[in-house]
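Should a chain be cited, it is by its letter among A, B, C and D, assigned in written order, with residues numbered from 1 in that chain.
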Amino acid sequence: MSAETVTPAVDHYEAVKALGTSPLWQYFGELFAEAPKNQAVPYVWNYQALRPHMLHFAGALSLEEAERRVLMLVNPGMTEPPATVNSLYAGIQIILPGETAQAHRHTANAFRFIIEGEGAYTTVNGERVHMRPGDLLLTPGWHWHDHYHEGDGPMMWLDGLDYPLINALEAGFFQLYGQRSQPAERPDDISHRQFIHGRLNPLWIQPDPVNSPIGNYPWTETERALASIGDDADGSRYDGVLLEYTNPHTGGPVMPTISCRIARLRPGFNGAAHRHTSSTVYHVVSGSGRTEVDGEVLEWGEKDVFAIPGWVGHRHINGSRSDDVLLMSYTNEPVHRALGIYREEHLD
Amino acid sequence: MSAETVTPAVDHYEAVKALGTSPLWQYFGELFAEAPKNQAVPYVWNYQALRPHMLHFAGALSLEEAERRVLMLVNPGMTEPPATVNSLYAGIQIILPGETAQAHRHTANAFRFIIEGEGAYTTVNGERVHMRPGDLLLTPGWHWHDHYHEGDGPMMWLDGLDYPLINALEAGFFQLYGQRSQPAERPDDISHRQFIHGRLNPLWIQPDPVNSPIGNYPWTETERALASIGDDADGSRYDGVLLEYTNPHTGGPVMPTISCRIARLRPGFNGAAHRHTSSTVYHVVSGSGRTEVDGEVLEWGEKDVFAIPGWVGHRHINGSRSDDVLLMSYTNEPVHRALGIYREEHLD
Amino acid sequence: MSAETVTPAVDHYEAVKALGTSPLWQYFGELFAEAPKNQAVPYVWNYQALRPHMLHFAGALSLEEAERRVLMLVNPGMTEPPATVNSLYAGIQIILPGETAQAHRHTANAFRFIIEGEGAYTTVNGERVHMRPGDLLLTPGWHWHDHYHEGDGPMMWLDGLDYPLINALEAGFFQLYGQRSQPAERPDDISHRQFIHGRLNPLWIQPDPVNSPIGNYPWTETERALASIGDDADGSRYDGVLLEYTNPHTGGPVMPTISCRIARLRPGFNGAAHRHTSSTVYHVVSGSGRTEVDGEVLEWGEKDVFAIPGWVGHRHINGSRSDDVLLMSYTNEPVHRALGIYREEHLD
Amino acid sequence: MSAETVTPAVDHYEAVKALGTSPLWQYFGELFAEAPKNQAVPYVWNYQALRPHMLHFAGALSLEEAERRVLMLVNPGMTEPPATVNSLYAGIQIILPGETAQAHRHTANAFRFIIEGEGAYTTVNGERVHMRPGDLLLTPGWHWHDHYHEGDGPMMWLDGLDYPLINALEAGFFQLYGQRSQPAERPDDISHRQFIHGRLNPLWIQPDPVNSPIGNYPWTETERALASIGDDADGSRYDGVLLEYTNPHTGGPVMPTISCRIARLRPGFNGAAHRHTSSTVYHVVSGSGRTEVDGEVLEWGEKDVFAIPGWVGHRHINGSRSDDVLLMSYTNEPVHRALGIYREEHLD
């Protein structure tokens, strides 16, 4: 507008900075990229290499010192704050016979997927939920939970949480229960006994549209599902026989921010490639194989964990001619769908 | 009304009648009653008494003559058109070894609950669904279905349909398939193998928010659910351990107009009394007992069917000290809820 | 099965009848028709012919005698019980200056659409809602309502109710308030003042997902909407500029069983023909025209009411080259959609 | 930890770090805080101070150089990447007569709220949407939009976007249209003419459950709403007469990640204090007042913008005895609700 001959332009930049603003034109390309720029990189965590160190820390560090004894699986691209992929975190937790992990709750949603050991349980809002390898246990946001191990050997599991998302949204709360362990207030394992058996819903229980009421999706049920579906079902071109753990009151994901899944890649499965905005963490329950990621190859074996960031093209391959691969996974796809930003592209 | 001698009042009444109207004030109390007036009455159909006649008709009448060989369970208060309770119909169907019931479809939603016999199957939209006693098979509205019996003895089942509702809403269509039987186009029993096993949903299948995709809820799964829930679950004061068969994609009823349920009344169960606007048909899977209905007592035994009309106070009792009662039931409660007219009153 | 030589077959028919059953094969074609059989017929009610009789009854019959002074528009095909089309009822009500219609409530959902007169109001759950010609007033199920006329001339309106549906579902309750008129407990006309103005929702009001919170959709707003949309909007091939009155908390129909609508047929509008399972009642707000119904022609003029039963092919025509037709209508389409039985067929 | 002299503990820490992990116990308190730690601080941007600089840049920098000529309102606590509060961004944009801002689209959802000027329009997916002061224009995610100014003076508006959220979720895409301006393909301003007038929904338009179909919520309508609601409506204890701009097809927010609102604080309004996890940006449409924030006081005047981060207690005050305050605001509350993490606390 005005012709301001005396005052040099640089003053304006300083002036508007002092007024709490910045010129968008200096940031535009950075803020509006042609496609998403992921912080995370594709990565494999080797379980067998980590295991001895887990055992070491189990001996060296008490749960009283550690609150939870966990190695965080930190993506090389997401170290500060630590995360595994966008929105999601994975860790390997270990607890020894006789130990207890004290009761607390947090707004972050969490699950654990049991890798090895028996004889432990988690008390969730007053219900003791026992765990065996392959079980998926839920502790949705703001549910009290503590762990107790009455078995013999070390107990190890995969922890999955959405705290990177919850913290990014500045909605994280945390609280200690006030005593180390919750008393049992409901029959043991009642939540999954009431729901997990099939498609019959107890009508005396008030539906929870937000979180699944199921404390444990036992591996025996997961195996049974895979057997039931059999070899003649179609499956997905990308993920094989891909099943989602569901909230029985909605048919949707178990928690609003995390979809948990199990996939069976049949012998020789050579998946089609695709990419999507959502990010995924995989845990190899059994078998071994590889995932081709934008030209690179991730080799993975039993019990390993691997990360596929969003908008990275990927293809899963089970190279074995005889053995299934079973992949547990979890993803922030429900977040992308709820906010209208999920996008997928078929690459084959 | 007033006596008007010059222009007599009767003229106006005649005149408005000729114009297609009627005075509301002559009908008001009839149209707006203090509480619902049910056409149906509480009633028990005795299976053992009906059975020999079913067998007779099976011998005397071919399926070519009968389209479907069914005795309709007609409520004494709802004979024209025949119905079992408001909105709902029940019938007992029989099919003999080697017979086929030709393929047709209708907008009425239907299920069958198998009472006796083995070796038959229903083809539903190209999928063969095998049936055994206690199985619940769905044929949602406008799904092709035909029956075939390859077993030995007679096969008998309970048919449940909503044609009284569909016809009352003038939305009923019917169509013959054009050939007697549908070809099998999908793997046998694939729909329940993919879904019924637990709470894992196949992600390669497009969700159907209207009807359950499950062709059969087998009795083996129902028994397993009841065993899983066990003796320490609360259950409902009115109906004991009352479970609803659900659509895995919504957690809601299997079809939009019919909720199918199974209840376990533990030995000595003495239910609380209540009433609700929805109507219910019960089928006694095992055990015997009685239902107190507004002072009257309905005694029922194994395989019987009984009807509890809407807004009738009722209380279920299992008089046995040792045996469970298992009651399959179905109700139009989803209709009342969808339309905002469900009402319930606790009487104890 | 068994060879029963002595007992004649006729005994079996009698026997099963005595056991509360009927052979389906004797009813099959009647119960499962190829297409819906409507009770209602297409019909026009002539307002100008009815009006003098309405005035007569207004003088001859007090509201104390009549509860509500209404001529029911009874479809010639639906006289017992009286209804206008499937699920729905229409009536013309008259109230005189100084009269009150006493407070009551019923589970049937109701609206009134004002035809002539000014100065009356309805009190709905404690809010006085004033009425002027063209206004649409709601009294959803179980809302207290009474009428009071403080103006000069007679006040006449169209009543629309779903009692045929509610009674068919045996869910009808009725209650008197206990005193003739409700006290005013909220500011006059507050519900529409808070909502009707546009697309801004008051956040201090708890959403009602079942019924619209709006007491009155005033004609001034409806006219404004039609003017705003203008001549360059597409409109529907079948119904012209067809607008649905909505619940501001859902965007859906004002009540779960009734969709209320206003249509503008531009001069010369010659609609395409279609048919659908839902039934419709029309009220001609202004203009005149005709509807072709399966070969027959219904001629209608200002203030008339006409009925189009379900699954009847129909086409609306505005024969005028200069004047709009404005058609208010209401339909049970939400019921058909909620229950998964809505079907539509394009005939042009 | 234990002192292990032979195999020193530090080896294990190094070893697990090399394996891509970190001990959770070294991060626990940082990751799980008792309450959210906000990056943003409460802050006021002074419009009158910024305005001359905006005018300067308008003269000094062409739109060809700038893509968009905007000063970002960067929260002192959120400079890298720049954001205004958690999830949300605000900027002040200026465009001069005769200028065009070229057509592009992005997955970030955006709106503009016009501050001053007339004669410009935005073309959104082929529809020209004209703007006047107080208008709220939407450009939901992935909608093409370009700006054109045919008026006389400078045109300035507030831009609101969710790119901080979209980028944090790594779901951001950006695309140029390929030519500078979109051709007009629909009647001008048709989207708001069809919807904004009140509560009537065009039935020929396919509902969009994700984004509002309305291009512009004009100020004339907002004023009308405030006048319609009047002085006798309750309003909220915290925010006065607080109205949400809605999607007419759902009654929910205009876009899945942003709720836009207008509030009227009556003369002398002294709001109650509360806090919630969601974050809010306010723009003062008229009047002046202050917001008490955890002891601090933010003074704001007409056209200023101010930020209230999540979980910060706040209370709004209109100190004037005669004049209303009108506050436009937007918030990420829909995100918190969709993900089940919304929490609110009443402080008075």
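Here, a residue touches a chain if its C-beta (ideal position, glycine included) is under 8 Å from a C-beta of that chain, and two chains touch if they have at least 3 such contacts.
Only a predicted model underlies this, so the values are computations on that prediction, with no experimental measurement involved.
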Quick check on the contact network: minimum steps from chain B to chain D? 2
Could you tell me which chain lies farthest from chain D when each chain's centre is the average position of its Cα atoms? B
Quick one: chain A and chain B, Cα centre-to-centre, how many Å? 42
Roughly how far is chain B from chain C, going centre to centre by Cα mean, in whole Å? 30
Averaged over CA atoms, how far is the centre of chain A from the centre of chain C? Could you give it in whole Å? 52
Among the residues of chain A, which ones contact at least 2 other chains? none
Chain pairs that touch, by label, are A-B, A-D, B-C, C-D
Contacts from chain A onto chain D in the complex sit at residues 1-4, 9, 12, 15-16, 19-25, 27-28, 30-39, 43, 45-46, 49-50, 53, 56-57, 59-61, 65-76, 79, 81-82, 86-87, 91-92, 106-108, 141, 163, 165-175, 210-211, 255-257, 277, 279, 309-311, 332, 335-336, 338-343
Footprint of chain C on chain D - complex, ascending: 187, 190, 193-204, 207, 212, 214, 217, 221-222, 224-225, 228-230, 232-236, 239, 241-251, 261-262
